[in-house]
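Both complexes below contain subunit A, partnered by subunit B and then by subunit C.
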Partner chain A sequence: MDKIKQFILPKPITLGNGKVVQPKMSPAIYVVPILAFITIYSVNLTKFKLETLFRRGYQFFVILDGMIPPNFAYFDKVWAPLVATIMMSVIGTLVGSILALPAAYLSSENMMKSKFVKFITKAFFSVVRTFPILVLALLFRIIFGIGAFAGTMAIGVFTFTIMTKMFYELIDTADMGPFEAIMSSGASRIQAFWSAIMPQLWGQYYSLILYNFEMNIRNAAVLGYVGAGGIGIILNERLGWRLYPDVGLILLVMMVTVYLIETLSRTIRKNLL
Partner chain B sequence: MSTQNTRVQEQLSKQPKVLWRNILVFGISAVIILFSLDYINYRGLTETGVEIAFNILKSVFTPNLPFLLNFTTKTGVPYLILETAAIAFLGTIIGSIISIPLAFLSSRNIVPAWFTHIGVAMITVIRTFPAVVYGLMFIRVTGPGAFTGVLTLAIASVGMVSKLFIETIEELDPGIIEALDASGCSGIQKVQYGIIPQLLSNFLSTAIYRFEINVKYATILGMVGAGGIGAPLIFAINAYRWGDAGALLIGLIIFVLIVEAISTFLRKKLA
Partner chain C sequence: MIQFQNVVKTYPNGVKALKGINLEVQQGEFVAIIGLSGAGKSTLLRSINQMHTITEGKLLVNGVDVSTLKGKSLRRFRRDIGMVFQSFNLVKRTSVIKNVLAARVADMPLWMSLLGLYTKKDKIIALEALDQVGILEKAYTRADQLSGGQQQRVALARCVAQQPKIILADEPVASLDPVTSNQVMNDFVKINKELNITVIANMHHVDIALKFANRVIGIKEGLIVFDGPSSKVNNQILKEIYGRELSDDELMEH
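Moving on, here comes the complex of A and B:
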């Protein structure tokens, strides 16, 4: 009991020089009950039952078991959608990243003087960023029809919003000295931005593009689910037909691709920074 | 020519020559783009594309208000959002709990270097499967519903969370533990005063960040019938019920913005 009391209301400590210090109450006193309450509430709401998990847990491995060994003969059919997925990501990432450059300028604290423009762009991008990529893909599929173009648009818009945020945060922290020097020689704000701020940031900008590209390769895999092109389409189809050895091969191919692209992009990024 | 001008010239000639590098980068990019265009096959809008785009925009401003503000029954937007939040919360908690031992067993300063490869390999494999596939696997266990969503998000979180946990653990300052050792602390005291205070805030910060991501992920879960706001949203869009879709989108936007704000606030406090 004493220990609990000591934990909730720590006793004042008298230091060697006679000074009395009152230790702070631990934040755990209110954080733990709040977390416990939310957890219990969520368990009830989601009907979470450990017992079901133990009783039927083996079912989880049924599909996994079906995937091994993968059906390597299926590789011929995986090739084309895989390339399409990569191409969708390339174009989407590039277009989104290029558009993000002026958008980031418009929302950065130190470049954009007009508070109104800053507020409008920031609010717009915050709202668009809340859209999950899947919802974007779904909307674009309805507008542009089934196929890779809808997926590319979804990746493009998604990258555009994320890159804008990441890049204006970089602009905000850039060194303003060269910018002011060029401004004082009579350049316009945009000229000064281009020749004083951007040279500081090109490396990080390329690095962000590659980072987004890595992310988009992973994202592109699910887009097929809503008919937005790429490897997701055959993944969805094979899962629907319960051809799990084919699914196993698709996942294996995706794993290798993602691994190769991540390794490549990380090597390049290390040399950029 | 004055001396100053020559100096500027000299400086300029010392600059690295970037022209050829730039031409190379742009050339490669151009080739890749030209090849990709073939795959993307833009076929123009569908016949009703413009009208639909207009409807989508209109729907966000004219949502189905009774549906959006239905706080009493389990079919309204508020309940769906509450369910999504509960799924994301439990998923994050379980995912983080699984990640803790996994991260400790893959950190180079805790276990021998060769042993870390086992843990890292496991994390890589777990990360490979898209969340959708996990969803389908868990549906066999628990049937469609929020429970499946919780399990899916939990395992989908493990990859990123344990990676960030490992980084935190590998940055542990051994000096503090040595100091505690020198002052005669027991093993448990060393953990209590030397290790937990160093890890806790970073761990919590990671978990909060992942919660933010899981909230967005919850829409993907709708596709496999794993509960939350995703399934009704996808159905509404596919059925062109724009009023309902607008209500769900507004609910989702407000909810995500609130979660982002809370998450940023908490993580700033923890940092």
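Moving on, here comes the complex of A and C:
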């Protein structure tokens, strides 16, 4: 055992006055083998081959080449799904964010006194949060049928769970001084929350809504792939038919839209905080 | 009238903050409570409006036994007691007037307070309170734009807008400079005299306590060791309250 230790541990440093310092073992000793094992295992499991990457990789550029120039005449058909995508995100984000407010109140450490309620709400939301948005969309497509409504619901529920978590963390760290002051004036906890905690957080709340909206625009674009409405439907269709100039236009339109919305949202958020 | 009868407060961790307080404060008095940090000043103050519950004894406010109050009756009771804090406890991101109006929500139905529907009467009460402490012109300024003294005046105005019978002040000037401290204390005296509101203030600085309060209560280790007019406080008494002589710089110079 001592021999193994001697082999693994770095050499002790002896000072001029005879004192000996034992440097600590580097974590690389066990991190590197573990990472190597995981990598080899993953490559085997996913059948990852560099050879395929070199042999077929050029196809990407073939498709890219096919997209240029985009088919601008196709824009007439892109317009409606694009607006639908944006509207799905707007409604889903709004409804999810508004419902997240009371949910965050119920989950926050400092506002909610009942440990039981906190436990139930937090457990419920962490379970729902484990569903990726695509899974939610698949689920709602079965429940509500193919179309934008299923997508909107997926965005709404997804936003609701994420906003709840983000917002109760903000509530937890809010300044409790004003809350104590309003409580001492005879207000109820909800009234004190509303008039002492929320005024501290409105800016951050709006900012979170916009942040989620940005994220949801991108989410909404892929929801069409599972039949949940929006621009993803025609993207899937055109890719399937290998109409690359149309695909090029769809991607261009999406890029411009996402860029515009993110720029707008960032400008507003800068002024909110 | 506020009456403490053998009031004891033991915290859940076993700390005995109050060890049998007997005290009577008449309506309209200006009382300063002095003592070392941890002597029980804060606990005594907060037991009056039940922000801390007492464990033994009786505490009567205008004949009401406060330990029998809970829920709605406690909230109704608290409306008559305003509170001012060392750190002002304002919402700094919002306007002065909104901070003062927050004192009115306790009197409003929940749905009206959620929608922020303050009546014209509420707005006038709030603005008049600001006028009383001399910062009416700052009504629509954000609270974080104000100096410490101005912020404490806003907190006092919020308290006044609640139209209380009693004001509890927990170290109201401890984080202010001497000049500002005097101005803010003058506002307290003015409100005490003009509106006949009882003021009970925990004071960090002995000389300010003696200058502005009519009556001084000295607390040491959870017990009252002095209770009398401020004119009767001398070095011997201060030594008893603080356990040693106070140096000149502890008696803040002006």
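Definition applied: the second predicted complex is superposed on the first by the 255 of 273 C-alpha atoms of A that agree within 3 Å, B and C clash if a C-alpha of one lies under 4 Å from a C-alpha of the other, contacts with A are read in each partner's own complex, and residues count from 1 in each chain.
Definition applied: contacts are C-beta pairs under 8 Å (C-beta built on N, C-alpha and C of every residue); 3 or more make two chains touch, one makes a residue touch a chain.
Predicted, not measured: the structure shown is a model, and the values here were computed from it.
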Combined model on subunit A: subunit C and subunit B, fit or clash = clash
First, second, both or neither for A:N17, with subunit B first and subunit C second = neither
Kindly classify A:F60 by the partners it touches after superposition: subunit B alone (first), subunit C alone (second), both, or neither?
-> first
Which chain, subunit B or subunit C, is in touch with more residues of subunit A?
-> B
Look at A:S114 in the shared chain and tell me whether it touches subunit B only, subunit C only, both, or neither; answer first, second, both or neither.
-> neither
Go through the superposed model and pick first if A:G177 touches only subunit B, second if only subunit C, both, or neither.
-> second
Answer with first, second, both or neither: which of subunit B and subunit C does A:N271 touch in the superposed model?
-> neither
Does the superposition put A:V222 against subunit B (first), subunit C (second), both, or neither?
-> first
Under the touch definition given earlier, write down the residues of subunit C that touch subunit A in their complex.
-> 49, 51, 74-79, 81-83, 85, 87-94, 98-99, 102-103, 105-106, 108, 110, 113-114, 155, 158, 162, 168
Mind pulling up the subunit A residues that touch subunit C in the complex?
-> 175, 177-178, 180-188, 190-192, 194-196, 199-200, 203
Quick one: in the complex, what on subunit B touches subunit A?
-> 29, 32-33, 35-37, 39-46, 49, 52-53, 56, 82-83, 85-87, 89-90, 93, 124, 128-133, 136-138, 140-142, 145-147, 149-151, 216-217, 219-220, 223, 227, 233-234, 237-238, 249, 252-253, 256-257, 260
What part of subunit A is in contact with subunit B in the complex they form?
-> 35, 38-39, 41-43, 45-49, 52-53, 56-57, 59-60, 62-64, 83-84, 87-88, 90-91, 94, 126-127, 130-132, 134-135, 138-139, 142-145, 147-149, 152, 218, 221-222, 225-226, 235, 239, 247, 251, 254-255, 258-259
